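Below: a set of structures, written as structure tokens.
First chain A sits with chain B, and in the next complex the same chain sits with chain C.
Moving on, here comes the complex of A and B:
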């Protein structure tokens, strides 16, 4: 028997960093700090409370390539099928985390607005990038943020000046297309000035992707005073992919942040959403829907950190789980001592369609202010038997009765999407998905 | 049309129906009265196919077919309709979408093509008028936020849409004020025809002033203890159920 000495994945990634760091542009001190944080934290496994139900170390058992990526031969026609019908959008395409100028097509970009590759922004917009980069995503608390920060080379950069409304949504298409098992690490930095608006749709789409691929993406979004940002994340055309994503939002006074995370496919998915409403009168709406089957694993972790008074946050997450799939919802809300008059609500609802499906749901409210309204609720159940019987007694077959009820159940989340064409598209996707 | 022979049924091992015999012919209206706990709602649940109930003995034939063998949806497709005592609220499912699916599945069962959208809407409008149900109610989610009266009107509206051959009204009068009761009864009366039969289950005689039955049966302790014509209902009203209880205790 051959004994092959296996280097633990954390150490291997650190060694890889040492090898390539000379070629990484900018932020060398920060990168060094990030990699040492990563080394200290290590790839999390079940022993880590935040990863109790999602053993990330299992994804790194395979040898993963970093950097030098294989197949990038992605054609225009490959992209077309990922476009959302009737969504008039600027399309930004990343292939394995690398911004593709050729495939991207920007539309109606107002004066002063920058939408570019993150790589380009590091050199051409170095001042604004260094003001914000790594300021909202915490390298000291999250190994994957640290790892992404150490290696961050490309992704998407958007900056919007004050008083500018970007009417046309920006659709970011993350293409994952490598046959060699790889670790992809796109980085996003969106800086929105005061009194401005942005709508982002982000999708994860696989083309001939190796089933061991891991995509570890980190986004930082800074929202200025009175500004509004909508951010929709769609994980549908990504069967066989492992996704780890961390979205970090910093909100200034009177700003709005609305997000909706819809996960229909993806073998193993972890979405971290960290929001800091850091001034008065911020509004935050976090919604999520996941429909899982087979051996899918979908984990949504949210954190809303209320630091200042008079803010409101709402969360609605719904899951429909079939097969042997596993779902996780962990929703943390901090209300700090200064954050009087906070309204924070959270609801996690789940339907289990099979005996082998599992949901782990954990609300965590930590409230240090005394004049607040906070509530959370969590339900897990089966389909409403009485409603099923009612529909069937009118002639609907079991399947169509079930689909009608599940569609209505999921509809609560989809309804909150404010882009009409995206809403219609998602309704259709959910409908099809439930029929399978 | 409907033939019930020696029907025994119960729930969670407890026998509730203890040998029901009932024959219903096309076009007839049968009222089933009885005190609380006599088995009225169990009978309607068993006929509609609620799975929680177990039939331990006896048979039910509907137009010659074994009703108890059929799924709830096939019973509906064969022409059976249950107006629920407590119609369930189904948030997010629009009444229109639900009824369109129901009608088209019933049609598919009969090898008929789906109904054209404009025919469907025309039918909706026509049948809504029957129970004075406003369009806004029909556009809402099934029964969501409806008052008791609106829910019962919605049941009769659905009945009108589905055009069953046998309709079972399970305490449709419960929780209705006199005006709502009249509207509901009026709707039912307009649906009476020589091909359509009704089983009207009620605790009180009041409903039978408006939906006049051909036959009245008294259900007590899981059995039909008395049958007669509409006069029996009036007699019941004046004497009360204690009379029946006493009589069957003596027997």
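Moving on, here comes the complex of A and C:
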């Protein structure tokens, strides 16, 4: 038998970079640095402590197309079904990681606010982009951030000046639609000035896509003093897709960052959240819900790096696992020497519905300051039998009693969403999902 | 605040009190590790062929391994394994007819350790004393109460003796819980271990006294590699104690031990450790590198293994006493107090592997860090597929004293069965000023107040220790942390 020797995926990607680097705009030194860091690290496998429960190298076993990602023929009506009812948001559409001017529709954008493609921003706003680009998402030690940084060409750029409240949420729709299995690498850069507000909803949506796409997205968010950012990530219409997402947040004094990650679909999902409250009196709320079935693999990875005193962070992650699915929660609270009076909480709760589902949790505390209140808890169990009995004694069937309880359990996370229409939409999605 | 920290710094810098050496004549091998040394040790101990085979296999496997540096929250230079003496034994190796023949220096050593063998001998008529196996530089020098125990059919002797006299038991159980392939340090230990304790409790016997091993590293430049094997047959019970000390030295010494416990149907083993190896001086110079693999297996139904540890010593502690809950309805417990001070580093915890049905495990870990130390809890709870109705509860609390130390919690929870109920919680806190104030108000000075609060904080664990040890452990805690102000 004639076996063609396969080139290892890491080397292939590095070679691909060498081929296309001439056409990449800006940051050539940084890109070189990023690619060599990627080469050094390689695609992480289980031997890497941070990827112990999620073997990313499996995603790259198949040949992936890189680079020739033209805008596919995506129609307006294709996008309409991904809109969230009553959200009335500014819609930004990315097709395979490329900003689509014609599909995007911005609304009520206050003066001074820029919402544009990342590609455009690199040339037109080069000053502000180069001040912030790759400052919060560290390429060192993170292979996927390094890979994205090396190739970063397009995505979304948002900049908000001081004292500006963007009332209308911005809904970023990541359309994934390719002929061949591809590697998509959108890049996001959001710069929020002082005393401003922004609400973002990001969804991942696949259109008759084949199942082997890998979407490696990196977001960098810089939040100014007294500013508030809400960031909602919805992974629903993305069956068959492999998602690796890294959100990196830098918070200044008195700022708030709230995020909610809801994962219902997606074959293999890894969400990294790296938050740095880098000044006093910051508040950070990380919430997540994942409901999995079949062979899904969902991994939520959080890191809150408390560097300054008097900050607060809260984490609540809940999972409901069915089928042969695997769930992972790995959260780390890091409290540095100077971060006295930190209040940090972390809670991971999981329910297994089938005999073949697996949950791996690793809630970690790494603490170097003594005057802090830090705690974490993790539970894994089943539905409360007494609660089931109570509902059944009131005449509910087993199935509906179970769904009701699961819905209430998931509701804890959904409730934290501060946009009413989004909350209603998600409640409906979760409800439907649990009934299936 | 600054002033308070000064007081704290002054008071947590208590000197190590077991820092003496004994001038016992030693018989040692040259420095370094090679196949010859492994053969040399085996020959010295007059071991049968199968034992040498086991050692060589382990040694060859060890050569292929790399020192694990990547996951533990520890920071230490690479160990030079060629700079260690792998065999050092007190010269008098012949069987001793009576205590009079024992090297008087050796007796003094024991007196200093607080275990006067002579006194033990005299008290032998009295019930419920402790039988001691003393191990100096990895060679068992004296086992007390052997005869009394033999009447009950209990075998309690040094490991080398067990190899000679009970080869069938050693062959059957050695390496069955911790195979030499398990990890880097267990492979090293399997190749070069020199001695240790062996204990077998026959069917239906409840051991009438606490069994105990005292370990002491004495010679400079030696590593201590001992191996303990405890087997509790059907319905048996034993409570086992382990204590360790080492002299004060500038260089780091390596201690890589293996402890294996096997419990059969309805059997119970309770294993308690007070670890007080030399932790290094105030600047972090010297001290013992303590890399220990401890594991028990509840082989058959209704058996129980309970680990209790009070860890105050060692420059580096790398230790995860574990229980494999294989038999149905078996129970695993882990109670730990780990104190780190000055520049000590500890990465310790447990593994509870649920395999059988209706298995239960409890983990209570209390970490206290002071000075510049780092104290990590790292524990695994794994429920395998088909391990129906497994139940685990884990609690890990950390107490920080001062703002230059670190306290960390790294739990790993892996569940593959839907009927499992697993809970984990962890908190980090400091001693409250209000608590101290309350004590001061009642006329208790800072120093005593801290002792009081820390002892209260650790009570859940200390209560698990046998009487004699609990007193010692309490004192040790007080010495380690005198008067720290939070």
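Everything below uses one rule, namely that the second predicted complex is superposed on the first by the 434 of 436 C-alpha atoms of A that agree within 3 Å, B and C clash if a C-alpha of one lies under 4 Å from a C-alpha of the other, contacts with A are read in each partner's own complex, and residues count from 1 in each chain.
Note that in this section contacts are C-beta pairs under 8 Å (C-beta built on N, C-alpha and C of every residue); 3 or more make two chains touch, one makes a residue touch a chain.
Model, not experiment: these values are computed from the prediction.
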Clash or fit, chain B versus chain C on superposed chain A: fit
Which of chain B and chain C A:400 touches, first, second, both or neither: first
Chain B versus chain C as contact partner of A:25, first or second or both or neither: neither
Which superposed partner A:377 touches (first chain B, second chain C, both, neither): second
Spatial angle chain C-chain A-chain B, Cα centroids [nearest 10 degrees]: 70
Touching partner for A:365 - first (chain B), second (chain C), both, neither: second
Partner chain(s) touched by A:7 [first = chain B, second = chain C, both, neither]: neither
Greater chain A contact set [chain C / chain B]: C
A:15 touches, of chain B and chain C: first, second, both or neither? neither
Partner chain in contact with A:409 - chain B first, chain C second, else both or neither: first
Smallest distance from any CA atom of chain C to any CA atom of chain B, in Å, after fitting: 13
Sites on chain A touched by chain C in the complex: 49, 53, 337, 340, 350, 352-382
Contact set on chain C toward chain A in their complex: 70-71, 73, 385, 398, 400-430, 486
For the chain B and chain A complex, residues of the former touching the latter: 48-51, 71-73, 75-77, 81-82, 84, 87-88, 90-93, 97-99, 101-103, 105-106, 109, 141-142, 158, 162
Complex contacts: residues of chain A adjacent to chain B: 384, 386-387, 389-398, 400-401, 404-405, 407-409, 411-412
